[in-house]
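Once you've had a glance at the structure underneath, I'll fire off some questions.
By letter and in written order, the chains are A, B and C; residue numbering begins at 1 in each of them.
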Amino acid sequence: MEQTETEALKAELRKHGILTTTFEELYNWGRKNSVWPLTFGLACCAIEMIATTMARYDLARFGAEVFRASPRQADLIIVSGTVTKKMAPQVVRLYNQMPEPKYVIAMGACAISGGPFRDGYNVLKGIDRYIPVDVHIPGCPPRPEALIDAFMMLQKKISEQQLTGESRPRHLHSELPSEFKVPDYGEHGLEPTENAEVWNPLKVIQ
Amino acid sequence: MKAQTINAEQVKAAIEAAVPGCRVELLHNGSPSAQHSLVLDHEHAVEIAHFLRDDAELRLDFCSNVTGVDWLDTEISEKVKTKKLVDGVETEVEEVKKTTVPGRLEAVYHLFSMEMKHGPVIVRLRTGNRTDDVRVPSLTPVWRSAEFQEREVFDLYGVVFEGHPDLRRILMWDEFTDHPMRKDYVAPADDDEPLHAAAGERAR
Amino acid sequence: MSVEIAEHRMTELTSDPEGGQLLEISMGPHHPSTHGVFRMNVTLEGERVMRLKPVFGYLHRNHEKIAENASYLASIPYTDRLDYLCSMTNNWGYALSVEKLAGIAVPERAEYIRVIVAELTRLQNHASLIGFLMQDMGASGTPLMYAFREREKILDLFESLTGSRMMCNYMRFGGVRVDTSPEWLDEVRALVGRFPQFLDEYEQLLTENEILMSRTQGVGVLPRELAVNAGVTGPMLRASGVNYDIRKVDGYGVYDRFAFRVPLGEHGDVYDRYMMRALEMRESLKILEQALREIPAGPVIDPKTRLRGLRPKAGEAYGRIESPKGELGFFLISNGTTEPYRYRVRPPSLINLTVLEDMCLGRSVADVVVILGSVDIVLGEVDR
């Protein structure tokens, strides 16, 4: 009840040219409408990502106007394509170099879980073994519309983030890490094979 | 204008005429493609390669493809008739004789000619075995296109090409120790979830 | 032909610089213009390239190992993901090799359809490549936007025919998966009718552009003998003046029925490679017009062809096609079971990169980016 009264009051004031908002709404509104992704394409999904930024689908109208080449200037990393074990340390390093607040979209089946190439000696079975992922997009490759849908889902997630309280996002908790351990090249695979703090695999119920 | 296919026997004869002392074996191909190949010996391989590239009639100047193949030890059983003593009488008995063909690694080269527009001529180099005798001569000094492809055969199969200018791993990282494309390679189990542990090793 | 051509240039450079004058940088694997996860360790003296070592494997997805454990039919969707811009031609190369291995014949209508979709693939690949090359050169976005505008139209056609924009999974052993509708062929005719206008617009923007000419003419010259010896194929080879187009040499499919020319370059520099793509697009349009006119009625696959559980006789076969990047070949060894004993992809992009160092030596770092762009690589194919 209170909510609609507040909304009615806001609408009334707006008619007189007075805009009211909360600090949280304003902060989130600014952030969600200017998410700048990193130019990070690994494989086939990258081509669909490029097609999404081209004239027909145009991701720029959602605020992703410029794709930054340097991770220091980017907010979002769209992991599009298969992450191989040879590439995985580089992905984690890039994620570590991005300043907070930062988000990850795992685009395509390969980034989520290894995809069709899962049974491979060089394929990492999902990028969420090493870095936390915000939105997963299934598909092989997902259509450009699916990427836009994921982007909008991320924007919704950002707009619902609270600035205070326990459920505030990671970048506002001073004790939570924003950089994660980079795996090393071992003799038979990567070491460690996953980051236990980050990865939550499905448990088989015996 | 279709390319003419070359008769492998004619090529074998030409090689034996041009490079004295070489041992070339014709390998028959059972599929309808009828692409028969020649197995070369190690000492004369580079000389034969030069001949194939520079000969006026063959001019095989384009090495298109270098493939590594892993042949595991195979057991061949054949029925053999031998004379044996059965109840004191010498009779002809049919026995099953098993021979083991030892496993080895192989590099297969597909050669074409851009000048004469013919091909393919397929040559093979075989190693002694799969464990310690894995050296073959490199054909990169003859055809530069073999450079990266021989590196890949080294990386994934472990065949050492002698005479290659820069033999190191190409697809896997340098600290990797296994040769993953071998038939008996097993990927480490610890990086997969318990969900798949029971599904079996088939797809490894 | 002299032996020196095949010798590796690395032996000419001394190992350690004196006084630390050389700078070693790593371009990639994350880089705006390396066309995927490709890395080059470049040793520079000032701006001049002294040595360039490419590093591969960042997208090695062990496609060949997966194919050894899967049936012949199950590998077709994986071939889509090799050169992920050109899935139709990848499918065709593999289907051709299996047809050679097992001795399967293809009906005529299917051959014509294969030619039509392959040439459409070539059109969108070459247009996209020119767009990416211009992007690397600094024309940020506009030629790429034009190229992708046309590419989307071609992808619409693929989607209505096969169900998927990029990963078409369309060819089968002995034909294609499904027949085209008459409306689809009319739409292709309409696209082919409108395409020359796009090519004219594109070339008017680019071909005599001063910046393009000064940045690409004389840059990255690849001599003829080195190109042949290094196994370079495709438009890069023809830019160096070697007349070798597998569509003409092997005449696979029904290519020997079409009249088309093979453009050749004179200088072997980046500008010639750009012109190769522009001219080849026009030749592809000619092939498309003829194929659309002459396509016969008939079945597109023999219903008795064994697709699932295909067990070719023991033996081996090497089949190759002229993909937009070069010679795409598949070498298959069968041991009589449902899975291939050895499945090998001959990647044109990887082998075309053999001469990357030779072309870049002595040039500046900015030229390296342009030269790499003109080679036309797709990492899915390089690393498989």
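Keep in mind that, in the parts below, contacts are C-beta pairs under 8 Å (C-beta built on N, C-alpha and C of every residue); 3 or more make two chains touch, one makes a residue touch a chain.
Keep in mind it's a predicted model, so treat the numbers as computed, not measured.
What's the contact topology between the chains, one of line, ring, star, complete, other?
complete
Would you say A-C or B-C is joined by more C-beta pairs in contact?
B-C
Which chain is the middle one, judged by CA centres?
Checking distances from each chain centre to the full centroid gives C.
Return the distance between the CA-based centres of chain A and chain B, expressed in whole Å.
About 47 Å, centre to centre.
Please tell me the distance, in whole Å, between the geometric centres of chain B and chain C computed from their C-alpha atoms.
So the centroids are 27 Å from each other.
Averaging over Cα atoms per chain, report the distance between chain A and chain C in Å.
32
Would you give the residues of chain A that are in contact with at least 2 other chains, written as numbers and ranges?
Residues 86, 119-122 of chain A each touch two or more of the other chains.
Enumerate the residues of chain B that touch no fewer than two other chains.
Residue numbers touching two or more other chains: 171-173, 180, 203.
Mind pulling the residue numbers of chain C that touch at least two other chains?
57, 60, 62, 65-66, 69 - these are the residues of chain C that touch more than one other chain.
Can you name the residues of chain B that touch chain C in the complex?
Per the stated touch rule, the residues are 1-3, 29-33, 35, 53-54, 61-65, 67, 69, 108, 110, 114, 117, 120, 122, 140-149, 165-166, 169-173, 180-181, 202-203.
Within their complex, state which residues of chain A touch chain B.
Touching chain B: residues 86, 119-122, 125, 185-190, 193-194, 201-204 of chain A.
Can you check the complex and tell me which residues of chain A touch chain C?
Where chain A meets chain C, its residues are 39-44, 46-48, 50-51, 54-56, 69, 81-82, 84, 86-87, 90, 94, 116-117, 119-123, 140-141, 143.
Spell out the part of chain B that touches chain A in their complex, as residue ranges.
On the chain B side, the touching residues are 171-178, 180, 185, 187-188, 190-195, 203-204.
In the complex of these two chains, what residues of chain C are touching chain A?
29-32, 36-37, 57-63, 65-66, 69, 77-78, 81, 84-85, 144-145, 148-149, 151-152, 165-167, 379-380
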